[in-house]
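As written, the chain order gives the labels A, B, C and D, with residue 1 at the start of each chain.
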Amino acid sequence: MLNCAVVGATGYTGAELVKILLRHPRVNLVALTTRQVTSIPLQNLIPGISKKNSLEVRKFSFPEIQQKADVVFLALPHTEAMDLSAKFLRVGKIVIDLSADFRLRSSAVYEKWYGVKHQAKRLLPKAVYGLPELYRDKIRKADLIANPGCYPTAACLGIAPLVKDGLVELDSIVVDAKSGVTGAGKKLNPATQFCEVDENFYAYKVGRHQHTPEMEQVLSEAAGTDVRLTFVPHLLPLRRGILATIYLKKRAGVRASKVRESFEQAYGDEPFVRVLPDGEFPTLQKVQETNFCEIGFTSDPGSDTLIVVTAIDNLVKGASGQAVQNLNVRAGFPEEEGLLR
Amino acid sequence: MLNCAVVGATGYTGAELVKILLRHPRVNLVALTTRQVTSIPLQNLIPGISKKNSLEVRKFSFPEIQQKADVVFLALPHTEAMDLSAKFLRVGKIVIDLSADFRLRSSAVYEKWYGVKHQAKRLLPKAVYGLPELYRDKIRKADLIANPGCYPTAACLGIAPLVKDGLVELDSIVVDAKSGVTGAGKKLNPATQFCEVDENFYAYKVGRHQHTPEMEQVLSEAAGTDVRLTFVPHLLPLRRGILATIYLKKRAGVRASKVRESFEQAYGDEPFVRVLPDGEFPTLQKVQETNFCEIGFTSDPGSDTLIVVTAIDNLVKGASGQAVQNLNVRAGFPEEEGLLR
Amino acid sequence: MLNCAVVGATGYTGAELVKILLRHPRVNLVALTTRQVTSIPLQNLIPGISKKNSLEVRKFSFPEIQQKADVVFLALPHTEAMDLSAKFLRVGKIVIDLSADFRLRSSAVYEKWYGVKHQAKRLLPKAVYGLPELYRDKIRKADLIANPGCYPTAACLGIAPLVKDGLVELDSIVVDAKSGVTGAGKKLNPATQFCEVDENFYAYKVGRHQHTPEMEQVLSEAAGTDVRLTFVPHLLPLRRGILATIYLKKRAGVRASKVRESFEQAYGDEPFVRVLPDGEFPTLQKVQETNFCEIGFTSDPGSDTLIVVTAIDNLVKGASGQAVQNLNVRAGFPEEEGLLR
Amino acid sequence: MLNCAVVGATGYTGAELVKILLRHPRVNLVALTTRQVTSIPLQNLIPGISKKNSLEVRKFSFPEIQQKADVVFLALPHTEAMDLSAKFLRVGKIVIDLSADFRLRSSAVYEKWYGVKHQAKRLLPKAVYGLPELYRDKIRKADLIANPGCYPTAACLGIAPLVKDGLVELDSIVVDAKSGVTGAGKKLNPATQFCEVDENFYAYKVGRHQHTPEMEQVLSEAAGTDVRLTFVPHLLPLRRGILATIYLKKRAGVRASKVRESFEQAYGDEPFVRVLPDGEFPTLQKVQETNFCEIGFTSDPGSDTLIVVTAIDNLVKGASGQAVQNLNVRAGFPEEEGLLR
């Protein structure tokens, strides 16, 4: 049994993480904390818990976590994890950080896209990007795991094998992604009031979303050379899920069958990536409340465009489920533990 | 006052058309018909009508319409309009057909994409494509107006000026479109049952939607040469609206300012196209229940990709509102008549 | 032409009012104001307006409205209308107040339920409750019209004829009402964030909603004696509409046919109340974006309970449409003017 | 380990049952069947299952189930379970029937409300009504368990203690219930097409829903005398959940504190009923995807009306979760097994 703490347990991501960990047979939840002052019975936060469960979300206390936990999950807004991560690492904890703070290798890129100074640059080289399908071996030994963004997870899983295997051009990738509203977090926001979202749909941060460099970093590492892409996110009038429609140019001479081979080779043994048969494409309902990424694809008839569609649950494979998958990899647990129906 | 008949008044498109025409100050609704046997008080079909209104939707009768109407709107499923159009034209009516039957100039292309034989090929050369922003002069004199598809309206308005002005490559256009459920029509369908659509989202007919050749025809005519594009439609969990996110490659040497110039020149005087200021993009809520198309655009930083986002209401500018706009053009009425708040 | 001003034009109610008045053939919109500092083009607020329309919502200015307007609509939060109403009345304006400030005849009751001091008690006797179906004659001569609350409109129209005609017991009326989210106003509120409302439903202010005394006042006046009722409102995951399911005990000896007679007599000539045939009940879709109230009813088999279901659009018949109906009554215009399809 | 079969595994209820049983530590799923001919991989039906899971839903075969299963769950439409239940009982199986066929003790009442002949009347005396909070002792020994309807579960849990303890009048109970769309089943239906439900709300089968006699039977047994109630169901634009707002008349002299005592005594030790503190009321989000029933209540100020609000997930506590709870009771498993987070 591994003793785990969740710092920031009341946001959408934190609560989802607690929900998953509650059911994990090898995890002991030793501390759930929030920056809010009062303590909250976990039963008020998460539906479906036994009336006899006495767990509480309590005010954050470093000494308490230091004493009790082996692994610390940080589910905090960007920038708030930097300092804490360093402190927990210093006292020997494994840190799985769900914020963006340690995902980008370059602090300059981070500072450009997030508009704030990076306060823990020296930790960046130690951080491992927690996308198990691409970085599993490094995650096994990492003490600081930077859990990927939701959009980069959906996009990179649909693109990485293709750029790695040299099947597509690297200068004309388009990711048109659509996300549910939990992706925006629980913060009070006029744009996410019900009457503004319901029966509505729109693109936002067009070509300027901060997840763009994260995708480019992952894909460049997969390709072994620079990859640039165009990324446009949209807001869907629903709670959970990201669907990414990805447009790529096949390289000259690449046969259609190569694409399936590439995906099958990359994901045939992956527990949480499902490559769909020809003619099938993912839906959000098929991945909601699961840690799966589903991938469908086709060649556009009469052009050299390849269309790849991926879907994940932004709170699970796009955040908390992936964090638990990373925990399983790091702890040497079976990778599906706690993450299946 | 023009005497108008609506054939097929009980579908989503037909009912929307009746709603708009009821308010049109120069239109007299002389016949509303359906293939269903019994007559229906219009009050049961359309909310908000005066209790004293005695209009009914009645069983279709050719002689009745022949006698009473000057203009016949056909809001029927594909293939059902072919024969009727010919008959109404023969007796001197102006026909505005909201189906796909007369949109494609080539019956071969029609038969390939719709999978049925075209029964009225000799009318195809007479049909005028009813997108006033591009074909206004021809519409003024047309007796058979082929009202555009919803997706082609949203896509072509966002692309046509750019291909006409030579600003973008013609072989790498991507249209990623998202539509509300009314676009699927009122027909009973397992895929559009509430529980299958609610909190769901997915792509369908990926790269194979029958509106693709319609877009290519319009854009090829605008460009003066062949245009090919990749089109992927998606189903949104909401009732009304299409948002199209369009990706284009700027031609070498084209400055960003040229794009705005092109749109402003094309649409500055258009009553129903709004080109948004830099940094603004359309939302479905801003166009629902209106005949407007809103267009926002930006250059992707650090690549030569141009991103154009357009939005319309699929039942208004994408169908019935545009049909009334065509009526106004054809009849010499002010083009906004009956189509504003 | 009547010159009208709307004070508070940017809330859901205010914007809906402007939408309706824009289309009113006998109204001239001379001033649209907001407490927000900057001016906003009306085109940004209301979809579907002509590109040539140059109306703006501007900062409130008493002298400007005093000079230009004959009628002033106040669409402000409770308490903010008290002082202004007095000032506008003093300079001879007709005031139609959409807040709750002048609906209750007793300042003591107001102060108990709204928790604030009433600042304009001496105006209360002049205020006329603007439910035309019950108070039309008084509205014709009123200078201060208190536009009814949305829930009271839905409830009272379904109950008033029955209590007036002595058909039901007065001590056991239950109003179980369900409202869309626009009823909560545009104010930023954690409870109306999308993720809290979507796929959710609940009762709120159970037995304690401030619209209770308003219903009791109206029904007591209709009955000629004290009426008490139990009122429970609920929040629906949709934008517009109120559906009220009302449970009443028939008085001993009252035949079922009397109920229909009572409703028909009360509403047969009413332009905006539709009494449905036996076996039909209203739906929100049938009344959304209209000024109609639809009423269906049935006797519970095997008990003396009468079930009445009413539906309105909370922003139209429940607020702004009713305000315009009141304007029409007061100004001697045809009552349907500007309020039909 | 108990060997269980699910007959009718592809409907909403059946699939939910499979989802729950998959996670149950003491259950072995030995057969999942459907009336549809072809077999379906369970992975296609239920999201989140391991890629290695090879379970299939197959065509129904009596001998196969006879041979393999100890317990048979029937998740079939009404009337289809009658014959099968008899056959499975005859060969010694425990039958948990999720249809309405064995819920009503009187075949005459069944035939009146369901409009069909009862084909297995002689089994009715053996059937035990599967609401564990009221019939636990009988369920422990039952071989035919009639799993309750969704509305009766929500209503009876909110009323039974009060009628049992003599706190309320028995002739004036009103149940105003609101259900998500999964309650209507998966059958193709014009009324449950997305565009008819989305942004809509209405009452249906007003005073005439077939769950009425089921509620009256349960409550009459709890009261020890005849109980009559008025029941009006409504359709919510969401997938899962029932919220029932219940209006009762307190008997003369009953103090408010008695109500809490009654609920606490009835449900204090119940694993799946949560009685909320004063001033709190349930929401659908708090019970969705759980087997809990939450109950809030208050006295209407200034009348003798008691307002009780209950909420359940119609597919879990209202159907499949309750079926598993019944299994746990019958098999002597801990009652929460497989039913918590």
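Here is the rule we go by: a residue touches a chain if its C-beta (ideal position, glycine included) is under 8 Å from a C-beta of that chain, and two chains touch if they have at least 3 such contacts.
It should be emphasised that the depicted structure is a prediction, and the values quoted were computed from it without experimental measurement.
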| item | value |
| --- | --- |
| Pair with more cross-chain C-beta pairs in contact, given A-B and A-D | A-B |
| Turning angle required so that chain C lies on chain D, C-alpha fit (0 to 180°, nearest 5) | 180 |
| Per Cα centroids, the chain farthest from chain B | D |
| Between chain B and chain A, distance of the C-alpha-averaged centres to the nearest whole Å | 39 |
| Centre-of-Cα separation between chain D and chain B, whole angstrom | 47 |
| For chain A paired with chain D, centre-to-centre distance based on mean C-alpha positions, whole Å | 37 |
| Shared-contact residues (touching 2 or more other chains) in chain A | 196, 198-199, 237-239, 285, 288 |
| In the complex, chain A residues that touch chain B | 171-172, 174, 176, 178, 196, 198-204, 206-208, 228, 230, 232, 234, 236-241, 243, 245, 247, 249, 281-285, 288, 296, 298-303, 305, 307, 309, 311 |
| In the complex, chain A residues that touch chain D | 19, 22-23, 46-51, 198-199, 271, 274, 285-292, 336, 340-341 |
| Chain D partner contacts - residues on chain B that touch it in the complex | 12, 181-182, 186, 188-190, 192-199, 237-239 |
